[in-house]
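Chain nomenclature is as follows: A, B, C and D, assigned in order of appearance, with residue numbering initiated at 1 for each chain independently.
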């Protein structure tokens, strides 16, 4: 089944985010009601559709979506997660059209082992995030967790490597972004694969 | 798909429990015929719908449910598991509206490694069971197993931390509770995620 | 969905075995075309329906079944696996009505670590194979592999513990049995769970 | 469900490859848009149908396929992956009728641990790739990665063991082949099972 990733309106965006959420939930990356996904609907002013807070991410409907502004404040729809502000900041900072936030065991486990960042090199899978497969080392940043989205966003901005469309939040999970929901999905899968690989090493 | 978690009657409760059981079974948390789920139907007198014993938990029908009293004795329906008495006690003790009992590998493996209880702190996922994500350590109790539900209930009552809606039974599995089946599901997923995280650590 | 485990005829038996095979294949326990399942159709003379050899075990049809005698020789249907002889011997030796043979990573990994047999005790899950949950140690035998079913059957007969309806074949996989396909399924799930638990221990 | 693995035409081949891809993707072996599958349509001249590049391998349609020649250059259809040239070379070199290339965590993890090749012996599962289950050691070659398909093909040709229808590309993934898509699938599952087994060993 091909998911239409065009986002003509809020409910259309909600349908895309619900399908993407169900996919990630099926992998066990959104246990409980954790994680949230967003897609940029306009740039000027910045508007994002973000999954509604508190729902089971495997059971979202197209209506379970909130329209937020560049500060993550609700413009339409229900209650956004506080993390909507970080989605908006990532979109503004990186130019990404879609942001994925998931709670994977591998990201938190590797963030513990490598609190200074997780280095990768010489892996074909790096091409899946636009990086060379050879001779270039790139570090997936690990930033300290915070409940203050301003603080968390500052850390993300300072730590991020423009070559790597992802950041691990220690004790928390993974933020990944891409041009659109489809690319953000693929970036997420690639980064999680890299983390699962490292987790097998002693 | 949204599962209706309202419980108007025994068969309605059975339908909810069958759907929740099928979900947990699909994760491999109810292998063989292990585990059982319950939902409180009335408080005074205490009445719970509990999944029937001996069935494959991935194949329950709405009729595979037993109505039990506060001692776990059958009021209507088939044969309850002896563990129904512990479900009833957890409901009476904690005020929970739903109880989940599953046999996960991670809970038994971590109960072996940390027989005195499994400490967690500084994890965003703790918010999924209503705990702070920072600076507060909370211990998931591990209690010794017993076939005597009175003994097991006494151990649970003595060991439980009111902040943590779950207990590991050593060599056995996990009891988790919540206000309703949906919340109990989410608490179960969160606690299991925490255990799987710890299991990756050396 | 409830699978009908009654076996009125060969095609009925084939339908049950196809459904059970698809279930085990979905767990990754029958990779390639590995493993085979059987159900006893008559005792005197001993006749078993066994899954046909060489097929993908996730795609069997009710016709992909062979009727074999007590030596595992074909009475009707296509080509049986050589292992049909071991199924027949297990049925004759133990009185089982159904036999499951799967290739799980955990069984081969644990057979390597514990070539003298894998001891279990004080685990609630042992009740799932009819054993006490407390104070009794039971050993899952590990026998050396052979392509000679007479040799393999002799090893199984000598090594088996009547309390434990399963044997690990080193470098090969798992044989498990029960009164009928449903119980054999549940015994298989329980034994595999026990092996996966041990595999997490250092 | 039985997938028809006959390949009468390009779209028929595309349908088979889409089904096989969806299967491997469901196992997590084609994360992001990684991996590609091919089937030989003619030998003289050599023509292969190869999955189109850049698509989600769980969402291919029968049209997402490219016809390539013995150099991996497109004859019909969209853009092939550069790796199509390696598929064609494997088909020419080994006589295989189908080639599977997947990115599994186990293959990359084991390639790191055993850069000189991964030795197997005394495993029943070896029969699934046509090898004896006893007394014969066979090595799954590990070759260094390259973006130059000529270089990669030379390494594969030099390193391959004719008894083993697979090669690990270090830091990259797995190439596996067979007479047809069904056999290539089964060989892939067997080799991955062997790698997952080794990964559990310390």
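Going forward, contacts are C-beta pairs under 8 Å (C-beta built on N, C-alpha and C of every residue); 3 or more make two chains touch, one makes a residue touch a chain.
Going by UniProt, the chains are A, B, C, D = Methylthioribulose-1-phosphate dehydratase.
Keep in mind it's a predicted model, so treat the numbers as computed, not measured.
The minimum number of touch steps linking chain B to chain C comes to 1.
Between the contact lists of chain A and chain B, the overlap is empty. Centroid distances built from C-alpha atoms place A farthest away from chain C.
Of all residue numbers that take part in the contact between chain C and chain D, under half occur on both sides, making this a different-residue interface.
Centre-to-centre spacing of chain A and chain C amounts to 44 Å, using the average Cα coordinate of each chain.
Here the CA centre of chain A is 31 Å from the CA centre of chain D. Not a single residue position of chain B touches two or more of the other chains.
Here the chains touching each other pair up as A-B, A-D, B-C, C-D. Contact residues on chain B toward chain A in their complex (touch as defined above): 1-3, 27, 122-125, 128, 133-134, 182, 185-187, 189-190, 192-193, 196-197, 200-201.
Across the interface of their complex, chain B is touched by residues 28, 31-34, 56, 59, 61, 103, 105-106, 108-109, 112, 145, 147, 169, 171-173, 199 of chain A.
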